[in-house]
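In the two complexes that follow, chain A is the common piece, with chain B as its partner first and chain C second.
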Partner chain A sequence: MRKIQVEICTGTACFVMGASELMLLEEKLPESLQDKVEITGSPCMGNCHSERKSHLPFVKIDGEVIEDANLPDVIERIEKIAEGNKNA
Partner chain B sequence: MLNINNNASNINREILVRIARLQLEGKLRDGVHYIPRELAPTDKPPFRCCVYHDRAILRMRVVARLGCSVEDCDEDKPLYDYAAEALKREKPTWPMLTVLHDACNGCVRSHYMVTNACQGCFARPCMVNCPKKAITVDKHAHIDETKCINCGLCMQNCPYHSIIKIPVPCEEACPVGAISKDESGHEKIDYDKCIFCGNCMRSCPFGAMMDKSQLVDVIRHMMENKKKVVALYAPAIASQFRAESGQLEEALLDAGFDKVYEVALGADICADKEAKEFEERMARGDKMMTTSCCSAYVRAVQIHVPELKECVSSTRSPMHYTAEIARKEDPDCITVFIGPCLAKRREGFDDNIVNYVLSIEEVGALLIAKGIEIASLKSKEQKVIPTSTGRNFAKTGGVEEAVAARLKDKSILRPAVINGLDKTGMKTLAMYGMINSGKLPCKPDTPNLIEVMACEGGCIGGPSVITNPKIASVQLGKYVAEGTKTE
Partner chain C sequence: MTNETSTMTSLNATESPCEAQQKDEIQKNIGETFVEVDHFQLCKSGQHSPGDVFLSEKNPSDGRTISTLSDGLGSGIKADVLATLTATMATKFVANDIPIKRAAEIIMNTLPVCSERGISYATFTTVDIDPNSTVKIIEYDNPPYLLVRQQTALDPIKESTEIVRKDKSTAPRMKAYLHYSKFTGEPGDRLVFFSDGVTQSGMGTALFPFGWTAENAYSFVLDRIKENPCVSARDLAKSVVQEACIHDGYKPKDDISCGVVYFRNPRDTLILTGPPISKESDKELASIFNLFNGKKVICGGTTANIMSRELKKPITVDMKNLDPEVPPFSEMEGADLVSEGIITLGTVADILENNGVYSSDKDNAATRMVEIFRNSDRIYFVVGTKINEAHQDPNMPEGLEIRRNVVKKVASLLEEKFLKETHIQYL
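Then we have the complex of A and B:
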């Protein structure tokens, strides 16, 4: 089955704004989701350099950018997608 | 425990980024006024009662981030004037910490409280065990606060766990009792007791304890371009980004430093000297020696455990030795130590060959302001590579191992590590003090080399780190593995 793709931005700006906490995602994921998610570190996604004043850090889940990302929000989003995949 | 990266820490970093940007554009004085307004716009829900309250507190955060004390902050003095002062400042000003009274929640005095879970039981262990007869029970237990001495026996004895302690987080975190409430109920730091460990800073859920930034001063020297500004980066800093140390050095050069030194070089000198000193001390019959690289620890001994003073190694810190190397090459250079540490700001204040001490938060802000992406840079070739043991000073146990690796006869060594100076750590220190003064016996298995680090986990758990220590530990491992062998 296709896994949910989670890309954590590990660029300089995201790291200064706390991206390292997100790298603990693997151990914080509920057991039921562990094998459904593929987590990768991504080089700077470039969003922070755009004119639009965005909020760091960034995480991309299946291509969708989450701003001001934190662990609970990211896990919630993954749960929703997993739920949708199950029903599909 | 609070996350290292939380709303309070992120807002303080955001302010640093904005200050750095403005200063680099030459607009600090005129632009600084708008930072509180930009960070607390009217179209976003406020953290406190209203955006105006948020802005008032942000204004004080800006003052601290300009390197000024907030305690004597004048409400009528425009940020423009604070910025002008910061740009003229010759030296960082005392003290390193500042308390934002208006952000300080003025938490209620630490006390014990009976909750609804109280069953008003028949045995009444709370009442029976209270040494001050402060508890009465009708349907529920009641604590008479005028009699209560906060001993906690009622809480320990309640079979329903119905009595709880309401702590004051900063007071609870301070290992040396340096923080207490003033008449107005706000926290005040007693700088005669403070060891600048930074525990209060990372524990306050309101972010009311702030370190005074020196970033404006360093950027000013870079822009003036009169003297060379050199960066001395601590081993813990190499663990803070997902990049190679050569890339980090390249990034620091791009950020405006003229030269970059690894403080691990100074750590190697420090370990060499400490190994030699340890051998000499043991030969002359000393009971024990402790490490001396952690300045919060050294201060803790000087102020709070005088019996242990003579055991602290007389070796200076890696920061000092690295500054010596830099000054030997260019006696006129401005030395800027970069670390995760508040106590180093204190140490730097007294060390006349260290001009400034920046936190990794400040350097991170500078990198963002300059739009530098570390991982995209070419790795700078490093001419002298420090040893793995020197680089591992950033981790608990690392200093002791570095000294051990340099001993001629390792059989004389009985090492011990104090991993974090919390209240328990302070008690362990006091115990070693009593052993040294003869009040407690020195047994054949009593440790003779004691490494003390004020932060749990070592410097990678410092109060100003930006990276979760678990992740930092892995990244430090790579950096350490690339070091040279100890001869």
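Then we have the complex of A and C:
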């Protein structure tokens, strides 16, 4: 089954506003999800220059941009997608 | 981590990286010589301050490079003070062309007296190199320096003169002699000088009952150079000190210091940081990157995106070596390092301010950048001047300085503390 693609923005603004914690995602993922997710870093995605700029940090999950990203929300989103994929 | 292929025009299977580098450098830099000066030292075991001090400076008015190694009596803070005073005075006097005998007498008569031993004493070796490659060396009580040319030790002619102290009661009993020598440096020449922590290492052991001795240390240096004719001043100094440390069973019995001066072909590094003020200059930036012959660093997410787009090369972020304080570095074909911008540069400035010292368990974009800079001789900064509006947001933490200020700080630290040559271009 295709893995869920998670991209964490590692640009300056995202890094200081919480991305450094998001990069621990791999460790914090529940065991059941670990082999269902592929985590990569991305250089600055440019969201800090857009209208969204007050919602740092940013993470992309399967191409969808998540604002104000934090570990619990990101894990919850991944779980939902994994559920959806299971039932699909 | 270092991308050797970016500095080589051709690498055939029978050439070593060093030979190819030499060939490449000769093609690039016929006639160009850079004076690389570096040193390495270890404190006596159990001490926090080194009693040996190495000071180097480049005189902006006449382009002379002056380096002094001084060994203070004893070890620890007291020795550090003696050695610092001596090294500072020797360097300043030589820079100001004070006659050397007079300078040595002033130094010897000024040093504070050790309360335990009742004498004031510190050694020094000062090397003065002018832009015409004339080298003058003044030695007082350090082991004699080694001059290596074409992998052979040369025997320089020295003039000796006695220094007489005003206050004999605080002088060591032996007579004090100053040795002076002069020669013209040629490309490839190396000058190696060290404190007696090197020559006396291992003293009393079965292998070296009288210590390693200067002769053995010289042979070691010549062997290292034969093994690697391109060995940098930095690496050679480090290998001498580490070898001496091994003789002392990894617990130095004295401060161990070695300085090396190397007349070499310069190693060039280019660092692009910041998007150019106008998008039309993106192509120019890519062209600068392509045409440069040397190591290449891209510092900044937007800068990296521009280069990736212009050069059609993907960027992969390394998520393995994560550091909570410095954003992760990335890889792109053709670049030796791709990092984030301002935080990384700020950390580089901090490390350089701390004399290039950082915790040995750290491996992040900033430490890697520091290593690239320290293994370079000339560093070219190309600074994009477009302001990053995302950093001007008042909600962002303070301390995200303007890029050009941090670059200026890094460049001036590289020049003053590490005697590198830097150039800054704004786009």
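Quick note on the criterion: the second predicted complex is superposed on the first by the 84 of 88 C-alpha atoms of A that agree within 3 Å, B and C clash if a C-alpha of one lies under 4 Å from a C-alpha of the other, contacts with A are read in each partner's own complex, and residues count from 1 in each chain.
What we mean here is this: a contact is a pair of C-beta atoms (placed from the backbone, for glycine too) under 8 Å apart; a residue touches a chain by one contact, two chains touch by 3 or more.
Since we're looking at a predicted model, the values are computed, not measured.
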*Taking the superposition as given, does A:Thr10 touch the first partner, chain B, the second, chain C, both, or neither?*
both
_Between chain B and chain C, whom does A:Thr40 touch in the aligned arrangement: first, second, both, or neither?_
second
*Touching A:Asn85 in the superposition: chain B (first), chain C (second), both, neither?*
neither
*Considering only the touch criterion stated at the top, classify A:Gly18 as touching first (chain B), second (chain C), both, or neither.*
first
*Which touches a greater number of chain A residues, chain B or chain C?*
C
*Common interface residues of chain A - those touching chain B in one complex and chain C in the other*: 10-13, 15-17, 20, 23-24, 41, 43-44, 48-49
*What part of chain C is in contact with chain A in the complex they form?*
301-302, 304-305, 308, 315-319, 322, 324-325, 327-328, 330, 338, 340-343, 388-391, 393, 395-397, 400
*Any idea which chain A residues touch chain B in the complex?*
10-13, 15-18, 20-21, 23-24, 41, 43-44, 48-49
*asked:* Show me the residue ranges of chain A that touch chain C in the complex, using the header's touch definition.
replied: 10-13, 15-17, 19-20, 23-24, 26, 39-44, 46, 48-49, 53-54
*Where on chain B does chain A make contact in their complex?*
3-5, 9-10, 13-14, 240-242, 251, 361, 364-365, 367-368, 371-376, 466-468, 470-472
